[in-house]
Amino acid sequence: MKPRVAFFDFAGCEGDQLQVANLEERLLDLLELVEVVNFREVISQKSDDYDIAFIEGSIATDHDAERLEEVRENADVLVALGSCAAIGGINSIRNSQDPKEVEERVYGDDADKIEAWDKAKPADAVVDVDHYIYGCPIDQDEFVHVVESLVQGKEPKIPTYPVCVECKMNENVCVFSRNGGDKNVSSAKREVQVPGSQKVEKGPFCLGPVTRAGCDSKCVNEGTTCWGCRGLVDNPNQNAHKKVLDKYGLTVEEVLNKFNLYFGWQQEERKNE
Amino acid sequence: MSNEKINVDVEYLTRVEGHGNIKVNANDGQIEKCEWQVIETPRYFESMVVDQSWKELHHITSRICGICSIGHTLASLKATEAAMGIEMSEQDKLLRKLILHAENMQSHVLHVGYLALPDLMGEGSVIPLASSHPEELKTVIRLHRLANEMSEMIGGRTTHPQRLIPGGFSKIPTEKELTDLKNRLKNSFNDLMAVADLCEAKADKFPDFNRETEFISLTNEEDYAFYDGQVRSTDTGISPVTDYKDITNEFVVNQSTAKFARNNRQSYMVGALARLNNNYDQLSPMAKGVAERFNLKPINHNPFMNNIAQLVEVVHNVRDSIKLIDELLEGGLEPQEDYYEPEVEVKAGRGIGAVEVPRGILFHDYTYNEEGTCTAGNCVIPTNQNHANIQQDMEKLAPNLINQGKEEDEIELNLEMLVRAYDPCISCSTHHLDVEFVE
Amino acid sequence: MNEISQTKEAKVVNPEGSPYNPQKARIIGERQLTTDTKLFELELESGERLNQDPGQFVELSIPGVGEAPISVTSSPTRRLDSFELCVRAVGNVTNTLHKTNIGDTVGIRGPFGTGFPVEELRGHDLLFIAGGLGIAPLRSLINYTLDRRDEFNNLNILYGCKRPCEQMFEDEVDHWARRQDIYHEATVDFCPDNVCWGGNIGVITELIPGVDIDLDNTYAIVCGPPVMYKFVLEELDEKDLPHEQIYLSLERRMKCGIGKCGHCQINGAEEVLYACQDGPVFNYEKVKGFEEAI
Amino acid sequence: MKAIDKSDFSEFVDNLIEDDDREVVGVQKKDSKFAFDPLYESDDLRLDYDTTILPPKKYFMPQRETLIEYNIEKGETTPVNRVVPRIILGVHPYDLVAIGQMDKVFEDTHEDPYYLEKRRQSVLVGVNMENVSDKSFASTMGTATIDSGYDLMLTDIGDRYAIEVGSSKGSSLLEQAGAAVDDAKPEEIRKVKQFKEDLPEKFRSDPEFDPFELPSLLKEYYDNDEFWEENSEDCLSCGTCNLVCPTCYCFDVKDVNDISLSEGERMRTWDGCMLEEFAEVAGDENFREEKAARYRHRYMRKGRYMYNRFGDIACVGCGRCSEQCLPDIADPVDIFNQMKEGTS
């Protein structure tokens, strides 16, 4: 019997399910391995009879939580798909903002019509999660690896090391030494006086050193920097990373802002540990 | 007409992006309730952008929607660029137009091929097509893949592209890549026509339903507007993008966590059909040819034809992409040394960016302080703008169907098809939709 | 991943005798030993013999899953055309192996590593100390010495498990217990009330004082989980057994089995040892200076 | 010694790119750094580089490479070695020394045909260092110049390159250049000699140790936990210092299956002893759990273990690790100097 697979989405952009749809021909091959019974973005059928459930999006309302608990009941294996479900993701930016202000900014006078939690949470804040597929969006190969592993009865192997590993293998010029900047030269040299203004721009900064690899250092390869979308590695040396960011001229506030893009929930958890 | 009770209650409408319910109750042929509800969990992007740096805003707002993340990124960048007066090179503009075509193609092919065609073919989803119509499905997949690979080549990733940054690109494709792409686009004509044939063969399945509607989209003199232009309404004419609030007039309704919008009437429509109605003349001849096969001409008031308008647009996307690539390659690609970090003069200000994304016109509006930190943001998403129109359509269509004596199942299917024709992308209605026939 | 960019086609060479290419072996027998441990009997499809020394290991290879180093538990004196592996299901390779059926094939590379120093042991008293799965490599040497009983002097076997149900090779253990010419003691850390258990209850070190050790003539051979070594070695020190006369079989992560991948290094101030080549069997005198060894 | 005009050399390289069956790779600019990459025209070749991001080891032991292909159902396996024969232009002497060390590792006991065949099918064209990176201490390690280990070795002597021939592979490559190559004139030979003699001055002057003291220094410091802990406190466990090192060769092996689970490849990928999981075994036991232990291991390996095994100090002084370690704690000179100071 093929395992029965279902997808469910909560508060997220559905980009991870799109990655699955975007497998194109490979999706047809995948359908040889599993039977997809719920995939709202693509198919109409709905079923409560499934073995593996993929959860996309964060949990932010009582209604979400109830639905998620139901899914957990039905599924043998529950997989958090994408950063919103796995670590809270971009949604958790607001967790560090004042909840009242948050609602008012978006809904103005109608703010009280909206019933959502003060914080957007990852799936494992509500139910037990068996496997995590990180990324915003997920990496297709990693998704395939996890599905295959589950079909084969294997434990999927997700990297425990930081993005720098893949970045080095790709022989990227480290973000910290871009623009002719030398990473061992003081931050002053990396500051660029913006023409016609007082403002001093500082070089780009990278969260790769504390972010879990698995994306093949995608963003650095493409000329930007790692934003941390796959979340923190298991034992991030954030102190050392902060020192690095400081050396390159980032203020404490800017560092926190960076860490809050995706790490918001994880940081809170680490503090509570 | 019977005195039956009719109760349509569709929770979590499938094959759309995001969460919408359709609720319709009728008793004795009388509609008691007819609601399009959006029940997405709010995500508060307009708040999340506050206190963030101008360098990060497009990264954050890209996450509003996975399907049109390229469009969101571009609207966001345009808003930031407008606020800071950042100039773009002509080459970068062409590349941005190209990637917008790619996204539009991707999304439309997904919608027409994976979501609408199964309805037409009488299948519950695209999956059975693998065995019932393998060749047709492969054609659709090929086009979808082409669009995705095109996005990847230009933006570095299909979803949440990386290379698009304020002022331009962090990396650009090589000339060889562009040449290869052009050849592949040219080779896709057969596939495009095959999909057009498929749709034409099923054209009778499109319900004949018309309702006078206001259509709004971008427009400009140069081209069939996606990347740039002013706002055009079939009712009120042309206005500048900066007036977007006067056009969209967003409001909150009880049935939905997403805002609704209206301009001149109770509602208006945006998206492929709106664009086609407004800018038909600027379509490429090949695209017009396809439109003619379906007798699709401006101004068409049948929302179900939005699917066909999408098909027409895909053809236009391919043709225009080839043209853009030719333009790019003509003088050879200009290498840009400062790709990683274009020079930007950070300053305080407000900027509004509008682009056409697959589902219609999209506005991002940011205010920055002199540090380049965002102090306020507003995003008006196409699906939000369509919600009210869906509601209005439904209020007309549901009684029609009931009067025609249709069964509950059929009513449900037709209402679902109506909503799907809009290709609503509810998760990205930063603010939201559902059908319920209540007893 | 951005592969190394290539402007010319790669030539495909099939390296004859690639040390990473396993040979096929067929499973011809299997027996459940405990809830999570099975004994597998395999033969090489080539018909060749494995020719392992007691204490050597093979890389068990399941295409599509991976590889794991596994000690050959059978003695070369017992079976000529086949060999046995005793495997606990703990991860991907081992779990998959547990799901195979008789007649299925798996891959085998090896045998690798240095086994027990049979020549050196010959003519001496031997003290086997096995904890849990540690019996797997020791069993090959135990049976070797039993089959060549006259070549060895006194044999002592101490075997400890967590619970009675985890004791393996019961028939063989019974056999050892019955034989007059070997001293055998078994222990469990814990015995549930409803289980009948004739042996000792307590940690394995408690059995050591009971053994009659001739300091000039006895070799101790130890294998067990990492935590066991420290305590057993302390106890042997109590007895003043010279460290040269103690052999240990150690486990490390391995990715190649042939001294290349670097994972199995055991480092110390002097030098580094490769568990796959310098071991897995080590003389205690030699490894005790290695901080990472025990 | 031979010599060739620079313009003829460029033409020669262009001809190789055009006509030779082998792939021509060379050092090129990559943003603010340099890297070995395939050459499309000789103009891109930068023989005046200081150092590359990754060493040329990537050509003999690629970041990922297939070891075997298999069929899952049948359990059939086929060893596969994908070899791209290459002409590698612009290898610095320290990297050549490192390649020589790697050769020994892969020849030792069980020969590794994957590495060795890729080595055999490539031609190494070295170049003497004109520019030296701030972090390099190759002259201290005695690797700034070498007499063997290359097929050809170039030295920039103004309008011409002097060429030393190190092997028959090298001389037959040179034959392809035809008449453009002539014998170096006596003063050119003198220039090369002078060039090598002047080279040490270009290097950093802070190393205070002698490479052959390293094995004993490291032995002495092995048990100094405090030393290792202090120096590794800011370690990110990012493995950069391993991955960019021309003498690091540890690897991981994993099976990568095609999506239908019928076939797949067993791949070897780069690994590094600085990564947390490196020494983990079943039962969550990790033999090098603390970053200090991993940090120490790397130095032991560079300065002592490889020396015990093969007689080589496995640090060639390229400076890549110190240049690329973000917290700036991977500079061997710093560690070795500290040791030296602490003992004298």
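We just call them A, B, C and D in the order they show up, numbering each chain from 1.
Here, a residue touches a chain if its C-beta (ideal position, glycine included) is under 8 Å from a C-beta of that chain, and two chains touch if they have at least 3 such contacts.
It should be emphasised that the depicted structure is a prediction, and the values quoted were computed from it without experimental measurement.
Ignoring chain A, which chains remain connected to each other?
B | C, D, once chain A is excluded.
Give the label of the chain whose average Cα location is farthest from that of chain D.
Looking at centroid distances, B is the chain farthest away.
Pick the pair with more C-beta contacts: A-B or A-D?
Contact tally favours A-B.
Taking the mean of all protein CA atoms as the centre, name the chain whose own CA mean is closest to it.
When every chain is reduced to its C-alpha mean, the one closest to the whole-protein mean is A.
Just how far, in Å, is the C-alpha centre of chain B from the one of chain A?
Centre separation, chain A to chain B: 25 Å.
From the C-alpha centre of chain A to that of chain D, how far is it in Å?
35
Counting only Cα atoms for the centres, state how far chain B is from chain D in Å.
The computed centroid separation for chain B versus chain D comes out at 51 Å.
Measure off the straight-line distance from the CA centroid of chain B to the CA centroid of chain C, and report it in whole Å.
Once rounded, the distance between the two centres reads 63 Å.
Touching at least two other chains at once: which residues of chain D meet that condition?
Chain D, residues with two or more chain partners: 31, 58, 63-64, 254, 257, 261.
Indicate the residues of chain B shared as contacts by at least two other chains.
340
Using the touch rule from the top of the page, what residues of chain A touch 2 or more other chains?
152, 169-171, 178-179, 221
Would you mind giving me the full set of chain pairs in touch?
Going through each pair of chains, those in contact are A-B, A-C, A-D, C-D.
Which of the residues in chain C end up touching chain A in this complex?
Listed in rising order, the residues of chain C that touch chain A are 1-2, 64-65, 91-92, 95-96, 99.
Residue numbers of chain D touching chain A in their complex, please.
30-33, 35, 53-54, 58, 63-64, 134-135, 233-240, 243-244, 254, 257-261, 269-270, 272, 275-277, 291, 323-324, 326-328
Mind pulling up the chain A residues that touch chain D in the complex?
Residues of chain A touching chain D: 23, 26, 29-30, 32-33, 144, 148, 151-152, 157, 160-162, 164-165, 168-174, 176-184, 209-210, 234-235, 237, 239-241, 243-244.
What residues of chain A sit close enough to touch chain B in their complex?
My answer: residues 9-19, 21-22, 24-25, 28, 31, 36, 39-46, 57-58, 60-61, 63-64, 89-91, 93-94, 97, 101-103, 105-107, 110, 113-114, 116, 120, 136-137, 178-179, 192, 194-197, 199, 201, 203-204, 218-219, 221-224, 227, 254, 257, 261.
If you look only at chain C, which of its residues touch chain D in the complex?
1, 3-22, 24, 61-67, 90-91, 104-107, 225-226, 251-253, 255-256, 258-263, 265-272, 277, 291-292
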